[in-house]
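Next come two complexes, and both contain chain A; in the first it sits with chain B, in the second with chain C.
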Partner chain A sequence: MTSSPLTERSLIRRRSTQHAVATSFSLALLAVWELVGQAGLTPFFPPISSVAVEVSDILTGPQLTRDVLPSLGRALIGFGVASVGGATLGICLGYFRSLEPWTQSPLEFIRSVPPPAVLPLAVMVMGPTYTMRVAVIAFGAFWPVLLNAISGTRHVDPMYFDVARTWKASSWEIIRRLVFPAALPQIMAGMRIALAIALVLTVLSEMIAASSGLGYLVLQSQRLFALDRMYAGVVMLGVVGWLFTVVFAQIERRVLVWYEGQKGLRDG
Partner chain B sequence: MVEAGAIGQTGSPLIEVEHLSKQYLSADGRVTQAIGDVSFTQDAGTFLAVVGPSGCGKTTLLKCLAGLMPHTGGEVRYSGEPIRDVPEGLSIVFQEYTRSLMPWLDVRRNVEFPLRHEPRPVRAERAARALSYVHLEGFESHYPWQLSGGMQQRVSIARAIVS
Partner chain C sequence: MPARGSSKLTARFFYREATFEMQDLPPAVTHATAVDPAAEYRRPRGRNLRERLPPAVGFMACALLWELARILGVLPGSATASVPEILRVLFSGLMNGELVDPLLASIQATAGGFLWAVVIGLPLGLLIGVSRWVDAVTRQVVEFLRPIPSVSLIPVGIVVFGLGMGMQYFLVTFACVWPVVINARYGARNVDPLLLDAARSMGCSRRELLQRVVLPSSLPAVVTGLRLSAIIAVIVAVATQMVSGSPGLGRYIVRAQNDGAVPETYAGVLLISLFGWLISVVGIRLERRFVTARTNTVGEMS
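Right, the complex of A and B next:
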């Protein structure tokens, strides 16, 4: 379908109108929060302005290096370990299908365990350490990557294996040059889910036997009834989650240029 | 398709096919006879075209000749040697060009794939030569899915002749 310049321009105009409406709606929500807080009807909703002051205090004070950065570090390291481990094991299990009868039942069981349930065990075995928290985060984030890697590997077009045989590719070459890139779109879809899980488990793992981190900050502030600071922690976690998603989407677009391009061509 | 001439300088014909047959076992347990009883010989430096209606087993025949599919009866020999796997020196231009080119590699890297163990300058030089042979100069950094079907098939031919 070809569109005349006129309709194209009106489309752009409609889109920018939508954008303006959406922005003003968000601002209106913040204004309502501020007004309710200022009115002082309830101590549970301090005005957003005092939360913002608290956020800037945290970001410029010692809590930046004590709570904020360690949380980000744990989340990212746990996510990284889960991604590399899940992709590696998933490709192996998907490619060497003879492993399936051995691994299926144990994996099915372990992945059914909600990750927070292993937290007390982890605290007991590994102690209240940085490594323990990273391990719990990695454990929870591991499964979506693993399952997507297995399925992505199984759905690699068998045609590529004929191509690989024609040019005498070794198993390692087939995995590195064919299976991995072909399964990557699905692996990255799993990683996107894993990223969200990693953040959830970061907060949770910092609420048990912890003395630092954003999760600790939120819980501790609630206990001390420092509600401005508690909200500041919640808001920062929201921003961190949003940033993770945006940055990951950018990386995904870069890495999977070929996939998006091909899909775009096919669908539209 | 078989690129003739690279092998078979000995006395025997390049390809000998004797009473080749191929049966498939379908999922419901029925047996499909894809190739009944085919025999022919093919000398080096000659062309052979296989013609027939769709579903008559042309692709199956080529896959058996290429060593990509085990046959169920008879024998295929390359230069007198019975084939087991894809023979050395054989190149294949796959029929399904949209599926056999790798969509994550650009045209140059697709063509260079068979040369992956060669040093980079050798790869670049031979890929450029193969691409000019099929008149695809200037499309090296396009992705296969950005090309027309015919152009993709030419990339596939370039990949087959590059080694």
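Right, the complex of A and C next:
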């Protein structure tokens, strides 16, 4: 549908008004927070400005290499392990469909294990090590990737398989050149969720039997009643979560350029 | 009354896919939507032996693998318990009440936080979905709050609410309000414009439009959101109890682990997993009721 320039302009104007209102709403909330903090009505909410100062202290101080970066590393490694493992196993389970009746119920049950509850078990079995934390993160992030890989593999257009067989493609070739790319959009959709889970589990794994990391920083600050620092940690984790989402969306868009085009073709 | 006819229409016109994702508030770069097993496993459970056997064998195989790993020393015997031992401890714990109180506390935290999330999230999500102005104004705040990993707020919850149930409710609510909000928003936003026009041309008032068109149309998406958030509620409740030491299965598990009570730790994890599993199964059942109404019309519309 083509719209006349007039309505387009008014649309743009409405957008920018909305944007202005939204920004002032956010700023107003921050201002209320700051005022409540400054007034000292409650010790629980230090002014947002001192939280900001604390954030910059953390980012320029030794905590950057001791807490922040290791946290990010753990989250990303766990996420990577989960993605590779989940995609591989998921494609296998989706491709060899005769396995489904045997594996489906056990998988559904293991998936219901709340990932945080695995943490104490992992501490028991592996000790409070780096590997243990990564393993727990990978466990939690594994499931969305796995389920999406299974589903993506199953929903490959059967006609493609016929074509591949006509060309006498081997099983391995079919999986590598047909199933994997066809399931990739779905797998990446699963990875998007897995990334958020990985971050949550990173924080949690640093709150139990840990001595470093952003989760440890936040919890320790609370115990010492250093509330500026505690909120600073929370804010930074929010920013990290947001960054993860944004960067991953970019990567997804790059990797799946072809899919976007195809989707348009199919819908239109 | 003309509106009555339109409400019947709505039931037949669910054809849009409800979103299962929790990540994309801005619709800009959505490629594939993440699936959830509920949408996949629509097949009714088998009643006869032929269909029941494979899952049972699957579970047995898992148990055997576990025992084998212990015997071969892949898993240290001192830090793992055998399956019969875990089941025995679980059973006796439920009988003598040692596991009952933590379980009840976990259920209370889960249910309370979930209810709060519904009470807050559902109207908010629908409002955001219906009004573009509310959407535009709240979007920045939502986009800032949502990526905060919920568990990082546990210390904040402890500071502000203390160690009681209130803190658990706060954390569970914060974590599981987002799927409710986002799915309600999606459901209300993606009502078929044809239906809206039809209802308007039949003279529906704004309120009638909401009641008879928007609400019923958004129901499947809302139910999906509720199911997702119920699962998140269990997870966050456990995490909260683990870190804060406020009552529940999470605390039970961590204490058992600290005391070196190996079978008890596993029994606690098994129990909370059973609870989580129960919730997801019930959720899938409930959702299926609403999803079938939607899928039946897929063919007609597209």
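Things to note:
Everything that follows uses one rule, which is that the second predicted complex is superposed on the first by the 258 of 268 C-alpha atoms of A that agree within 3 Å, B and C clash if a C-alpha of one lies under 4 Å from a C-alpha of the other, contacts with A are read in each partner's own complex, and residues count from 1 in each chain.
Note that contacts are C-beta pairs under 8 Å (C-beta built on N, C-alpha and C of every residue); 3 or more make two chains touch, one makes a residue touch a chain.
The shown structure was predicted, so the numbers you read here are calculated from the model rather than taken from an experiment.
When the two structures are aligned on the shared chain, A:177 is found in touch with chain B, with no touch to chain C.
Looking at the shared chain after the overlay, A:165 reaches chain B, while chain C stays out of its contact range.
Touching more residues of chain A than its counterpart among chain B and chain C is C. In the superposition on chain A, no contact is made by A:97 with either chain B or chain C. Looking at the shared chain after the overlay, A:148 reaches chain C, while chain B stays out of its contact range. By the document's definition of touching, both partners, chain B and chain C, reach A:259. In the superposed model, A:9 lies in contact with neither chain B nor chain C.
The interface of chain A with chain B overlaps its interface with chain C at residues 259. The residues of chain C lying in touch with chain A in their complex are 21-24, 28-29, 31-37, 40-41, 51, 54-55, 57-59, 61-62, 75-76, 79-80, 132-133, 136-141, 143-145, 147-156, 158-160, 234-235, 238-239, 242-243, 249-250, 253-254, 256-257, 262, 265-266, 268-269, 272-274, 276-277, 280.
Put simply, chain B touches chain A in their complex at residues 63, 66, 68, 85-86, 90-92, 94, 96, 99-100, 102-105, 113-114, 116, 143, 145-146, 163. Per the touch definition, chain A reaches chain B in the complex via residues 157, 159-160, 162-163, 165-168, 173, 177-178, 181-182, 184, 258-259, 261-262, 265.
On chain A, the positions that touch chain C within their shared complex are 18-19, 21-23, 25-26, 29, 44, 101-106, 108-121, 123-125, 144, 147-148, 150-152, 154, 185-186, 188-190, 192-193, 196, 199-200, 202-204, 207-208, 214-215, 218-219, 221-223, 225, 227, 230-231, 233-234, 237-242, 244-245, 249-250, 252-253, 256, 259-260, 263.
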